[in-house]
Amino acid sequence: GDIAVPELDLEEYVRYGRQMLVPEVGKRGQIALKQTKVLVVGAGGLGCPALLYLSGAGFGTIGIVDHDTVSLSNLPRQTLYSTASIGKLKVDAAVDELRSRNANVKYVSHPVAVRHDNIFEIVRHYDIVLDCTDTPMTRYLLGDATRLLSKPLVSASALRTEAQLVVLNMGAEGPCYRCVFPDPPEHVQACSDAGIIGPVVAVAGVLQSLEAIKLASGHNGGQPPTMTFFSAIHGRPWRCVRIRGRQKSCSVCGDAPTVSESDITTGKYDYADFCGGSLDSNQY
Amino acid sequence: GDIAVPELDLEEYVRYGRQMLVPEVGKRGQIALKQTKVLVVGAGGLGCPALLYLSGAGFGTIGIVDHDTVSLSNLPRQTLYSTASIGKLKVDAAVDELRSRNANVKYVSHPVAVRHDNIFEIVRHYDIVLDCTDTPMTRYLLGDATRLLSKPLVSASALRTEAQLVVLNMGAEGPCYRCVFPDPPEHVQACSDAGIIGPVVAVAGVLQSLEAIKLASGHNGGQPPTMTFFSAIHGRPWRCVRIRGRQKSCSVCGDAPTVSESDITTGKYDYADFCGGSLDSNQY
Amino acid sequence: MAVPLTVEFSGGLEALFNNERSINLSLESRDGSENSPTITDLVVYLCEKVMMDKRRELFVIDGYHVRPGVLVLINDADWELVGEENYVIQPGDEILFASTLHGG
Amino acid sequence: MAVPLTVEFSGGLEALFNNERSINLSLESRDGSENSPTITDLVVYLCEKVMMDKRRELFVIDGYHVRPGVLVLINDADWELVGEENYVIQPGDEILFASTLHGG
């Protein structure tokens, strides 16, 4: 039968009022947000600002995937956490903080690492997915699962003084993660951390939440696919570049795909092997 | 005598470690941040994200100016505040929240509105100022006072689906606020609120904190002055445009200035008269 | 001589132009001469031939002067750097009229 | 025929080129003909004449193929849209080699 379209109560009218005044959102868009379930994978430097604004915007359900606990070194940019959060599970600290700001949202914690054997079962229940993770392997996993489940994926990344963002899986002819990045980078250096400036990763996370709001309220579709590059200090600060569409040769969404959902969930397709040495964040 | 250059203690090395790993910051930059006092005028949609990342970055002193109390309708984008904050003074709620995340920073509350008779005394004690206010009058006040006191001003604004950002008062030949905006817009419509989407104003606030970090760590100077325009939904998303330098005809910083500090503090220069009908945010 | 250009609006100004954010035009000098048009020619044209809205004062004052609070950007540069109203428009130029925002 | 162009690097690749983020070049086809150079000609030139760093494998593999994880953008468009390595470089082109970031 039909699902009743939710209405907004008085508290919501007041809370979301200024957002609804924007013609591109309106009451229609606010109700659409309320009916949308968004999954944030990774509650770190990207995920924290994304979650704050997804919660503020009034999504109906927000899922959070992260198996990690809060450390002191997280605090400059993982802005949901306080010194009192140190040692707690990130998903728990995040939900507490978000719920204190907006209890209208249903928060779902997934205190696990994304793996080939759990990702489909998690992603399946959501409408939009944000990749806020930090390794090539999780990015390929999320890229593949969301493509195979036809979920739009808002993927962002950041390092040092730069950030990148792209919206994937849009329609039948939009690219998936593998279409754009068919091969993982090779791991060629020892594992060392290249550093990050808080506002740089925060800009990317905030823009991810914006793309989710646009998707949910019907403002992201029909345009050719683009990718955004941000450079905080050197060179041109912002570039929005046109990127390729779906690649006929793509092993996940091409004309003759070789990777299926069951290949992934059964472990037949080996991500550790595929990503090879690139299990860690890139560095030079 | 000399002021001892602060060192970093172990907690700070751990806390700020990933930021210090960025070569453009390093230990040198981190210590420079610790020695810098930044003032955030306005603890709303711009100020909240700016404050989160200024605090996270480890500025030595952060001042907050806002006379307002927290309302329910603030919460979607004024992300320092929870439902429990409603009714509290914004500066108090903000300081509580920020201190829980980083107690290394000295927070100074200024629970007042910026006025011609208090602005110089407040601004004088800081090194960098962020304009996170929301009316033409406060913007001209801040623009003038910071120019006359030679403080770099990071000015941003946002409405509906757009945002703008500019760094002013850079060096002897950089423009001040009046150089770029010599005349206030006329107030031609009834007072009504045009709305705002959370991530749009948040992007601007985050970028303000980034500019402050760059200024404090020595990465903002020498380049020609630019202004950034962001459009979340329509048209070109990002533009960074070259703007004019100091205007010889500027009434505050030109070759024959007609507005001085005492003109302003004594009320001889009348902002209400200057801004005329434009005491409120712009709208169409 | 008619010059092709793109005019863009932001910061709410688009509301005066039927919510068009970007318009492609081919413009001549308004004195009918062979000279290329200037920004003033463009502003006159927009007011007289393009603007749907009657609230002209939200775009220009004192005739055809772009009103305070509107920045004019020519190919990503402040018009102040290139001659303001007297700038001679080149083929393919992108001219943005951006209303200053004040909200926060 | 020598073509003037600008090469840019981001995402850490600049470290291989003496931290230069932007280099202006004038490039010829490597076969010495009058043909305009292609992206392949550019990559060869960068490896042989510009790259300071010995870790060539961070930029190219199997000879002069741009390595996985590096996006090539020509005038703000993915090279896949304009012929990839065979794209013929035009005067004034801006070619960005951007290493994909993974951090979050």
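Letters are used for the chains, namely A, B, C and D, taken in the order the chains are written, and counting of residues starts over at 1 for each.
One rule holds for everything that comes next: contacts are C-beta pairs under 8 Å (C-beta built on N, C-alpha and C of every residue); 3 or more make two chains touch, one makes a residue touch a chain.
According to UniProt, the chain labels map to these proteins: C, D = Ubiquitin-related modifier 1.
The structure presented is a predicted model; accordingly, all values stated were derived computationally and were not measured.
J.: Report the inter-chain centroid distance for subunit A and subunit B in whole angstrom, where each centroid is the mean of the CA atoms.
T.: About 29 Å, centre to centre.
J.: Can you check how far apart subunit A and subunit D (Ubiquitin-related modifier 1) are, centre to centre, with Cα atoms defining each centre and the answer in Å?
T.: The computed centroid separation for subunit A versus subunit D (Ubiquitin-related modifier 1) comes out at 30 Å.
J.: Once you find the CA centre of subunit A and the CA centre of subunit C (Ubiquitin-related modifier 1), what distance in Å lies between them?
T.: Comparing mean C-alpha positions, subunit C (Ubiquitin-related modifier 1) is 39 Å from subunit A.
J.: At least two partner chains per residue is the criterion; list those residues in subunit B.
T.: 160, 194, 196, 236, 239-240
J.: What pattern do the touching chains form: line, ring, star, complete or other?
T.: Drawn as a graph, the chains make an open path, so a line.
J.: Check the chains against each other and report every pair that touches.
T.: Every pair of chains in contact is listed here: A-B, A-D, B-C.
J.: Would you pull the subunit A residues touching subunit B in the complex into a rising list?
T.: The contact residues of subunit A facing subunit B are 11, 14-25, 49, 52-53, 56-58, 72-73, 75-77, 79, 81-84, 100-103, 160-161, 193-200, 202-203, 206-207, 209-210, 213-214, 219, 228, 232-233, 236-240.
J.: Spell out the part of subunit C (Ubiquitin-related modifier 1) that touches subunit B in their complex, as residue ranges.
T.: It comes out as residues 8, 10-16, 21-22, 55, 57-58, 61, 67-69, 71, 73, 76-78, 80-81, 96, 98-104.
J.: Per the contact definition, I'd like the list of subunit B residues that touch subunit C (Ubiquitin-related modifier 1) in the complex.
T.: Within the complex, subunit B contacts subunit C (Ubiquitin-related modifier 1) at residues 42, 44-47, 131-136, 139, 156-160, 162-164, 180-186, 188, 194, 196, 201, 227, 229, 231, 234-236, 239-244, 247, 278, 281-284.
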